[in-house]
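Submitted below is the structure of interest, expressed as structure tokens.
Think of it as A, B and C in the order they're written, each chain with its own count starting at 1.
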């Protein structure tokens, strides 16, 4: 017998005796209800895009992520120029993307483009990373990135400052919506990596005191474009 | 008493009397309670969420074979190598063989209690591989050569001073009592490790059957780095981690964060569905998922306690357990601490050797009340006690309870015994504190009440005859 | 929804073994309150113990032997009121499990259905909050775990105490934290039990209360035992003793 067969046969043998179901009388009805949507239990999200953006902003504040609504790509670029100057950026990491290309070239910084591969030391030397994303999640203040939309796995986590460029129409109400969106977009052919980023990296491992910037980025800046 | 029970008693006694430890843990958890309540309050119905989560886990565990097969077939379709490990040794041997085949020099690891369970680090180190824990709390405990104190907060029992001393001793770093500076020290050390490591080992919080992905929940970003940079990624995953659908995460990720850490959502929740795919700029060349049984199927076969496999390892039960808070995580002497540890350890490691864990509880039920997936934890402690007594009764206890039952079935005998106790109580002073003292265990720290001059029954009878 | 028992009730008292021997005044206080409210109280003399000690130790056969006796003693009772949350939980929650698939299961369930813990009975079955009590003093309430979590009785004791004249009720931070008694746990793991009790006593002392009240005498035994050794003047009282005072 292979290991697989050993384990599966143990499971099948063990399951021969039924365990009590939490809701014997309403089993099937509740199952379809709860699998339809956990939305009814989770914190509520506003119906309109404006309400969702506002909720996202409040969450970003709580998470100590910087959130800014930009008038257009020029506005975003000017903001980033100021940010780069204030933080002394010399080199940034980025990937190929419409928004990135509209903003990055005129920043006047050295660039590591992860598209097609990169040298780790180069990326490690970047002061910031500029990426796009899949969606923004209003309910939690999260950004969903993937290897495709954010230049791979490491770009959005290795450099100490992560900047995300997103459009208004990328805002979705909650995690359920984000996951459904991903399922519809990728149709089973998912990127090997998808991640919900919710604020800058943090730890509470020292006396349960909150410290920002553990191993991932210490700073997270989210720029929302029309 | 076996060695585990003896060690448990010694450690528990020491820790329970340690007022510094008691104060530290109370302080550490105070913030958790406040934030947990705040975030639970934001749910439209935390209780409804628990019901839904319990049902989803029931579905997953009671159809585990089906969901595991679905999970594995989707993983394998995208190039992941899956190893089914019937026991700890098989899992260890496989992972060592992967490391050997790739001539791995340095391994970086993110937090995994499953890896702790099988002592994976020990096995790798014995084979000459360097393994570095990347999670700050785990790294601290690795330097101290101690197991994690808590499922989720490995170093919660340490002060910043102790951590500073530890870093000074092992890294030669500047002593500091600033948590930010201490974190920065670990961050610098770890960055080198991530960049140099050629193998990353992780656990997984959930295994999604529908899409063939593992999901990892963290705050620090160390798991993301562990799984992005090295050329080989090995994930060790208990078979019970399965969730049926991707959409289930919309419920479980917030619940895990809130129950586990008092957060609305943790910083990074990442889904891994395969090694680097064509067109992706980075990611491991090889991705291995090791599915671990290691006696979980025995717990599965116990239909009464099967729901203990619903556990999402959030640690909430530890955080509310008065026993855990007073004896500390290390007293348990085993991988999984607290109420869930006391429920599953007898199944995973042997009932007779570990029955003292379910016995060391006042059955207050705070664990069951807080569990996000509604495991009947404190009742399972009772079930374990009953199973232990059935399997191997201690002759002394058997006599004690048989005698108790005999007496209590005969009201006359019971009342006679009570009158005897009442008569003898004034003489208690003669044996007090000695081995003959029946109240010794109680009376060492607490006064014992007087047996009443007249029992209720006697007072009641008096009442009727004016 | 109105009270379950709108009229006068014939109540059979279930007096736990330790109340019988160590705190009989608690039982007499319950009698006093129920009679003051105009109900008839009787006490089946065949009762001894609910069987919780062997049950908790895992000796379910012996526990059943004891429980069968209790079930028999209360066979003819219409309504049973019990003086303790932990024994109440034993009967209401654990008897059905203990007698699952056993010939006496139906009787066990019948007893479980007609048994009520004292504060539960007053508030939820009789619909009474004010029992005409007066007790001047500052007190805090300790939630016995079985009453709190197995029987869901957070509110009833507080609702009753809220109507006691001249009583100031203060909430302690660790009201819901286990006092550390846990039956044989208190003597099998005395060091852990003591540590838990110390946490509870510290929280009581923090309120500045002179009394700590609970609906479980076993908890009060643990708490009083520690307070005595700490030479604290705080006194423990059962809920029934407070409600009996006028």
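Note that in this section a residue touches a chain if its C-beta (ideal position, glycine included) is under 8 Å from a C-beta of that chain, and two chains touch if they have at least 3 such contacts.
A quick note: this is a predicted structure, and the numbers were derived from the prediction, not measured.
**Student:** Based on the touch definition given at the start, go ahead and assign the chain network to line, ring, star, complete or other.
**Tutor:** Graph shape, chains as nodes and touching pairs as edges: a line.
**Student:** Can you tell me which chain lies farthest from chain C, using the average of the Cα atoms as each chain's centre?
**Tutor:** The most remote chain is A.
**Student:** Could you say which chain's mean Cα position falls nearest to the mean Cα position of the entire protein shown?
**Tutor:** Chain closest to the assembly's C-alpha mean: B.
**Student:** Between chain A and chain B, what is the gap in Å from one C-alpha centre to the other?
**Tutor:** Taking the average C-alpha coordinate of chain A and of chain B, the gap between them is 29 Å.
**Student:** Between chain B and chain C, what's the gap in Å when you average each chain's C-alpha atoms?
**Tutor:** From the centre of chain B to the centre of chain C is 32 Å.
**Student:** Round to the nearest whole Å and give the separation of the Cα centres of chain A and chain C.
**Tutor:** 52
**Student:** Mark out which residues of chain A touch at least two other chains, giving numbers and ranges.
**Tutor:** In chain A, nothing touches at least two other chains.
**Student:** Provide the list of chain C residues touching at least two other chains, using ranges where the numbers run on.
**Tutor:** Not one residue of chain C touches more than one other chain, so the list is empty.
**Student:** Touching chain B in the complex: which residues of chain A?
**Tutor:** Against chain B, chain A makes touches at 2-4, 6-8, 10-15, 17-23, 30-31, 34-35, 38-44, 59, 95, 114-118, 120-121, 124, 140, 142, 147-148, 151-155, 157-158, 174-176, 179-180, 182-183, 188, 190-209, 211, 213-217.
**Student:** Okay, in this complex, where on chain C does chain B touch?
**Tutor:** So the residues of chain C touching chain B come out as 15, 17, 19-25, 27-28, 31, 43, 45-49, 51, 53-60, 62-63, 65-66, 68-69, 97, 145-146, 148-150, 176-178, 180-183, 185-197, 199, 221-222, 224-226, 228-229.
**Student:** Give every residue of chain B touching chain A within the complex, in rising order.
**Tutor:** Counting only chain B, the residues touching chain A are 24, 27-29, 31-32, 42-46, 48-49, 51-52, 54-56, 58-59, 61-65, 68-69, 72, 78, 83-86, 90, 134-137, 140, 153-156, 158-160, 163, 179-180, 182-184, 186-187, 190-191, 194-195, 211, 213, 219-222, 224-225, 227-229, 239, 245-251, 253-254, 261, 264-277, 279-283, 287, 291, 293, 297-298, 300-301, 303-304, 306-307, 374.
**Student:** State the interface residues of chain B toward chain C in the complex, per the touch definition above.
**Tutor:** That would be residues 9, 12-13, 16-17, 22, 322-323, 325-327, 359-366, 368-369, 379, 382, 384-390, 393, 397-398, 401-402, 404-405, 407-409, 411, 414, 418, 421-422, 441-442, 444-452, 454-460, 463 of chain B.
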